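As written, the chain order gives the labels A, B, C, D, E and F, with residue 1 at the start of each chain.
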Amino acid sequence: MSAPADSHLLTRVPSGSADYWRCVDFLVDEAAALDDNRMDDWLAMLHPEIDYRAPIRITRERAAGAGFSEEGYHFFEDLDSLSIRIDRLATDYAWAEDPPSRTRRFVTNFRVFECERAGDLRVHSNLLLYRERLDDPRPLVMSAERRDDLRDLDGGLRLLRRWVLLDHGLLNTANLAVFF
Amino acid sequence: MQPHPTPMAQFLDEFDASLLEGSVPLRVFNDPEILDGELERIFTRAWVFIGHESEIPARGDYVQRRIGRDPFVLVRSDDGEVRVLFDACRHRGAMVCRAERGNAALFRCPYHGWTYKNTGEFAGAPFFRAAYGSELDKSEWGLYAAPHTEILHGFVFASLDPDAPTLEEYLGDMKWYLDLLWGQCKDGWEVIGDPQRFVVEADWKSGADNFCGDDYHTFYLHRSTIEIGVMDGVKRGDSTENLQGYHVQAGNGHAISHFLVPPEVPGPRFWGYPPEVAERFTPDKLGQERYELAKHSIGSVGTVFPNFSFLAFPLRHSRKEGPVSTMVIRCFQPRGPAEMEIWAWVICPKGTPEEYRRKTYRTSMGTFSAGGTFEQDDSEPWIAQARTAGTAYGRKLGMELNYKMGLKGAASATRVDDFAGPGVAFYPVLEDGVHRGFHRRWVQFMREGGYPSAMTPEQQNASAGEARSNGDG
Amino acid sequence: MSAPADSHLLTRVPSGSADYWRCVDFLVDEAAALDDNRMDDWLAMLHPEIDYRAPIRITRERAAGAGFSEEGYHFFEDLDSLSIRIDRLATDYAWAEDPPSRTRRFVTNFRVFECERAGDLRVHSNLLLYRERLDDPRPLVMSAERRDDLRDLDGGLRLLRRWVLLDHGLLNTANLAVFF
Amino acid sequence: MSAPADSHLLTRVPSGSADYWRCVDFLVDEAAALDDNRMDDWLAMLHPEIDYRAPIRITRERAAGAGFSEEGYHFFEDLDSLSIRIDRLATDYAWAEDPPSRTRRFVTNFRVFECERAGDLRVHSNLLLYRERLDDPRPLVMSAERRDDLRDLDGGLRLLRRWVLLDHGLLNTANLAVFF
Amino acid sequence: MQPHPTPMAQFLDEFDASLLEGSVPLRVFNDPEILDGELERIFTRAWVFIGHESEIPARGDYVQRRIGRDPFVLVRSDDGEVRVLFDACRHRGAMVCRAERGNAALFRCPYHGWTYKNTGEFAGAPFFRAAYGSELDKSEWGLYAAPHTEILHGFVFASLDPDAPTLEEYLGDMKWYLDLLWGQCKDGWEVIGDPQRFVVEADWKSGADNFCGDDYHTFYLHRSTIEIGVMDGVKRGDSTENLQGYHVQAGNGHAISHFLVPPEVPGPRFWGYPPEVAERFTPDKLGQERYELAKHSIGSVGTVFPNFSFLAFPLRHSRKEGPVSTMVIRCFQPRGPAEMEIWAWVICPKGTPEEYRRKTYRTSMGTFSAGGTFEQDDSEPWIAQARTAGTAYGRKLGMELNYKMGLKGAASATRVDDFAGPGVAFYPVLEDGVHRGFHRRWVQFMREGGYPSAMTPEQQNASAGEARSNGDG
Amino acid sequence: MQPHPTPMAQFLDEFDASLLEGSVPLRVFNDPEILDGELERIFTRAWVFIGHESEIPARGDYVQRRIGRDPFVLVRSDDGEVRVLFDACRHRGAMVCRAERGNAALFRCPYHGWTYKNTGEFAGAPFFRAAYGSELDKSEWGLYAAPHTEILHGFVFASLDPDAPTLEEYLGDMKWYLDLLWGQCKDGWEVIGDPQRFVVEADWKSGADNFCGDDYHTFYLHRSTIEIGVMDGVKRGDSTENLQGYHVQAGNGHAISHFLVPPEVPGPRFWGYPPEVAERFTPDKLGQERYELAKHSIGSVGTVFPNFSFLAFPLRHSRKEGPVSTMVIRCFQPRGPAEMEIWAWVICPKGTPEEYRRKTYRTSMGTFSAGGTFEQDDSEPWIAQARTAGTAYGRKLGMELNYKMGLKGAASATRVDDFAGPGVAFYPVLEDGVHRGFHRRWVQFMREGGYPSAMTPEQQNASAGEARSNGDG
């Protein structure tokens, strides 16, 4: 299974429409929850059937495409495994993120589409993650496009599917202990 | 004024002697001079892991790899041979391989177009005759290849030293254990996906040393993961009950920590593989005795000197399902003082059913990867080690690290003779001998002179072994 | 006094509403004024009672929160002191910013709320500051969340209160001679 | 000829209006085309009379302004020359971008104005370009303000004029083989 | 091929001699070899400032600090003692303190869980008995602590050299001035908030040297600030009127620039503190004479060798209010060649009323901090110094900096005997002797051999003093 | 332990000898020790390009420039003289010039306000008399200036070595070619716009060496550009037809690759300038013979040792218009090991009509600049060269690069005597002698001792020349 192609075959949800803003608000609120380390709030934004992936990327020749691995994933998660991660963070021994790094998620370049399934919304957005650890003044900056499917559940949108398309080959980071 | 007043040879003598006392100088984890020595004396001499045959199944398939910091191409040539080519054009030294993975009959250098077959042989150059006439002997201008390349169960190793022994000699008794792990599956093993690579600001030895068998750290560094129940059968608290395993010094600096289930535990284990995968294992390859051992094996972690490591344990990345076997391999590549690059692969027996193949991959990456619930914590102390190793005060104190566990006296780890495999074995795993052995071999490699002679498991264990026989073992 | 908490107790101003756009435009216009070195224009955007702060941040354990100092501030300014800074820049001797650095303020992740006081608006936004000095090709990138209160005055919004919540412990910069 | 001044003399197009969103969508779609290496899609977004420039910038004293060169340009292109560049990328020998770098364009801080010529729209936006090459884990981050004129053609907006105002003196990059 | 053909010893001899001529080799502001020497010979030997007691009021309170580049923990142990612990686990060298501020009874190393009391003593390790038996003597495996830690008026200093003299001996006559500043308040002093820390790509000595008393730079580098009226009583233009102050060489490389108001100025000054704060000062502590001096003191700036500095002046960060007293302290920490880390604290007398406490903090940070109207300009020339110091042409020229002010002849600064404090004093401040003294001490510390002997103020001033007595003084 | 066991002198001897065989050690493209040597022995001794007079037309005009890594100011002083001042304040070494371009009567140091005239002379300092009395001789405290500055056709060169010969001597026969290029226009040449500067993680020599005449790379590295028709008259495929040009070793390490149109081609060429620009060329300056040669010149590329290069070819940055002449100059400045800074200017004859001026600028930048269709590919192999040059395996192998083209025997390039210019000329350009000559001069500069003696074109060509005469030439 590969990343959802650029969604040009889908119907574009007009920017500025109610659905557009629901998506933007969702992603902006989500970023705030993560940056504020409100992990339970984040968990509550996930759909029970969430499929969350970040494929490994390698440098290929132009003719070979964007270089995303067919089988390799940095993250390949469901709600079960994500909640393990979050529970782990809540212990006193999750060293990679305790003390927590200082993160800031800049979410831009929103494009919203109607999914095949009526009511579901696909959002493409760009994510710049700024991250600082301990007393190291050199920030760790990571970049990705995200392709998300959002679905209504109990009166609010939930994250149903996420592909994090990182702009990274060799990772410039000692750990991937944060969420994208 | 000199940051390292000790000449290197004297430093190595002192280090070797201090190992008998279970001491390792902190400084080796962050020192530019030592790194230069390692690049020159270890990484261009030792046998190092390059990749797995399954990464380049077809002729012309190649992947970019590193030996130390140097760029190489692992390629299956058109003649079917697997080769490790030095990625430096013989003309002006540009790199001829541009992608990290691909298939190519020819490597063409972008600078002036010198072209090499995927065997490394010189194939041609623009205007060749007009430019070089008859003076240039094409047979002399192929890409440099690693002088030695050998494959063991699909795992490709290379050495850059013409004087290196065979891989088998180099591995010593460690071969027996690699056979145990990877020599018994009907169709061998394969890599899933592409390797994950990440940079850690720590010394490469922090990783290699840890994987020699630092079971001691599991219970504290990975306590968050254990608390939430990721590692089955491991209990919290001050109990040795969880440490029922063997530490083996396998000679030549190699070491493995191996865990068995007690004979009374029902059912075959094969590192946690379920029946549909375990059936890939067969006694036909190495005989019934080794097959039985595999059947009772529940976990393994080890390092082939200098920087190739592996780990296999049944783990959970789910609350709903039981433990899933994981099998990961690692290269800890130096990048600079206090900087390494970790390469991480997930492997499984060839023929593993698709569903379990995905399950073992997800569990392996979910626990042992840059983002894994286990491994994401490992780099924290390694980075800190490099930092303290770089201190002026550490140098002033001549600070020595404590590698004394199991060295002498009344500690619980005891040399045992009843372990099924070769090498010097201890039980249980509460001992640092596997780490001391790594560093003894390191000292040997760092010395000036010819290729290091073989180091028997007894020699590797010298200090600890002697000490134990004086103690009550 | 500590930073305004994430404003979940306040009423959210709908994204896309007139007030939302007033806030976004204000912050985008403000960024342009600062990046263009139009300091007087910036000064005119400040409310006379402005309270402008950037607390010092240190690395604390996860359980101890985000690490903002209770008493320590990189900036703790009012209109009086801000105008001193701006007057100083206008002299020919303000070396830290003459030649001026090349800055770019990326403002994203807007969330707008109604303040307790009717009419006042609270805006949370993320700020990425890109900065280059002289002939140094290595950029200085700084990151922060800003929590601002905007108030109407003379027919336009003015910046009444700003908390700059920097994602920095040890600062990666030789000076803080620019505004956030 | 110098860069279009900050467009305060022009009429602002209200943020959130239809024209505003047409501009935002245009620039967001354009960024996606470039990041996805859909160069032909990008070419189709350009007006036949496109004037595309990136002036060289040097460090000047504050009193001397922003430091953009009067005559010096990193890029000074028209459709003719841009299409040469794109054709070149499509060969198998365009080494600087084959393998392609991994890029991500973060477009923020939109301000839309009516141009002098009725119907044309001027958009100011900030561009952060994240770029990674081969196996180098250190990203190349570039920053610019862009001042674009968009014009309707065949029912869609086209890029008629672009000034890329880079925040760079000495460039932190071995090549400028990507578009801004 | 050698960038520094001069062996270090000869370089130091030449430097010492050149100081007599008022010359300092530019190279010392950016040289990897010199930095290595400084880390080894200065920062692990000198007494350095670690923090203030008020930062760790309760038992178990700790803050992370640095000596040179090395990580330390300043902690108030459960026995009430203040200790400076080397943050390197004795097991494998990971760091045991994870936060920059906190309270802890125990420091537990994340790697394997070795645990230390907040006194630094070894407290335990997982599976201790099983792992180490009886061979490991717990009393030997505590964290290393600075061999010397002393507290003066709440200011904690430490030295990493067992051979160091007492802090009092080390400070020499500078103690008299630190007493003057911080020894007369009823309840002592305290830090407000947390220190601000920032990285500057300049040599640490650029900061330390400047704070020895570079009053000369105030009128040009800080001209923007002065022009808009931030510093009261300072006039623009080519007038010496504003420079009525004393330069004191206090021995052992320490120096202070001290400003008094003329006796005819009415009212007590106490560095500008208003009555409600000035009342914290009392003659009970050091006697009436020192108290009177404090009463007339309007400004002080100085450096305790090597890298601890302070500054106190009444300044404005407002157009509406009069000058507010500021009192800041600084550590200039080396990070690398041409890179330092500045630590900046604001302090005030304990018991300062809340409103003025906030006012002095805002004014201090508004003027002297990374974003301060004064200090933001300071790093500009320091960065430039490091840059020119790294040039090949500067090396080829053997470029020497001009530290000749007040060295000889007709200049206005004169050695005076009527200044109230100890040390060698000059009036007014137009002289570089305070800087030359810093560098003379630096040379002494950089030499091979035992702990540097004491340097009297006269010795420190040798060149300048002699010269002055030959001149017309 | 030593990364470079060969002492530098021996290394240079071996390098020099290996050049006779057409070999260059890969290591020189990435080695900190070699870079230190280059900064010390090449960049503070050789004549280097600083800028063009047209960049500073008025009195007081200045631009910031570099020699090696060191900061200098190129200024037209108030006396009309052009000077190259070392940007390091004589007081404490801060930098006195803050902007990259401007006009100033005085340079005032921001630190303490020492002030220099735009001639570099000391002009004053705050409180001068009070601070320094009469002891400081103002005439001794001006900014250091390059000991030698000379201008050739508006191109400003400087040398930092008092012992340097005149620029004319230094250029040797290369002057003849610079005259050919830039000495025949009525009103000289001028720079358009400001230089573009960009950082490339490669050795500076990769650029300088390439511009000596690496015509061989054009057809492969730049194949994308050629394929789409940017370079007229160049055909694809394995044809030597396109290589009709001359390689000239001009002595002292300088080299040029020069292309003529065959006499039968109608119309004057002047590097592709159209009539309205070509009319700026005149035989009045250098005589009819040189004028005729310019008339038939269609392309030139060359390097003045060590790091000043130029390139002129008619190229296309349009499909609608024919080729446009381009003329660019380059400085390849070292920044560090494997890091350089490229400075790129576009020039044209003064008086070029505005429309063509813009056209040549757009075409020049569109092809030869950081974003140019040609030049954007050049850095790729240079970066790769630096990377392989830094490998441990390359060092172990003692890897030598192949500079053997045209060295011996049957290759097509032949020494010719009928070329109009001085120096040793070969035809066609398929030969590496121009590169070998560059490195021979480099070896000479890197040696200890006095200023390098002149190297005649015959000496520069020694190996190749001899070889050719043994071959069939």
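Assume a contact is a pair of C-beta atoms (placed from the backbone, for glycine too) under 8 Å apart; a residue touches a chain by one contact, two chains touch by 3 or more.
Predicted model, so just to flag it, every value in this text is computed and none were measured.
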>> Just to be sure I understand the contacts, which chains border both subunit D and subunit B?
In response: A, F
> So which of C-E, C-F or A-B is the twin of B-D, meaning more than half of its contact pairs are the same residue numbers?
Replying inline: C-F
>> Can you check which chain pair, A-B or A-E, has more C-beta pairs in contact?
In response: A-B
> Just curious, how far off is subunit F from subunit D if you go by their C-alpha centres, in Å?
Replying inline: 32
> In angstrom, rounded to a whole number, how far apart do the mean CA points of subunit E and subunit F lie?
Replying inline: 48
>> Report the inter-centroid distance (CA atoms only) between subunit A and subunit D in whole Å.
In response: 27
>> Show the residues in subunit A shared as contacts by 2 or more other chains, in ascending order.
In response: 16, 59-61, 67, 89, 92-95, 97-99, 106, 108, 128, 134-135, 137, 141, 169-172
> Among the residues of subunit B, which ones contact at least 2 other chains?
Replying inline: 98-100, 110, 199, 220-221, 223, 377, 380-381
>> What's the complete list of touching chain pairs for this entry?
In response: A-B, A-C, A-D, A-E, B-D, B-E, B-F, C-D, C-E, C-F, D-F, E-F
>> For a test of understanding, state which residues of subunit A touch subunit E in their complex under the given definition.
In response: 93, 95, 98-99, 134-135, 137
>> Show me the residue ranges of subunit D that touch subunit A in the complex, using the header's touch definition.
In response: 16, 21, 24-25, 28-29, 31-32, 35-38, 89, 92, 94, 97-100, 102-108, 128, 130, 132, 134-139, 141
> Once bound in the complex, which stretches of subunit B touch subunit E?
Replying inline: 1-3, 26, 29, 214, 216-217, 219-221, 223, 238, 240, 243, 377, 380-382, 384-385, 387-397, 399, 401-402, 404-412, 430
> In their complex, what parts of subunit D are in touch with subunit F?
Replying inline: 56, 58-61, 64, 67, 69-77, 80-81, 83-85, 87-89, 91-97, 169-177
> Mind pulling up the subunit B residues that touch subunit F in the complex?
Replying inline: 8, 33, 36-37, 39-40, 43-44, 67-71, 86-88, 90-95, 108-113, 126-127, 129-136, 141, 144, 160, 448
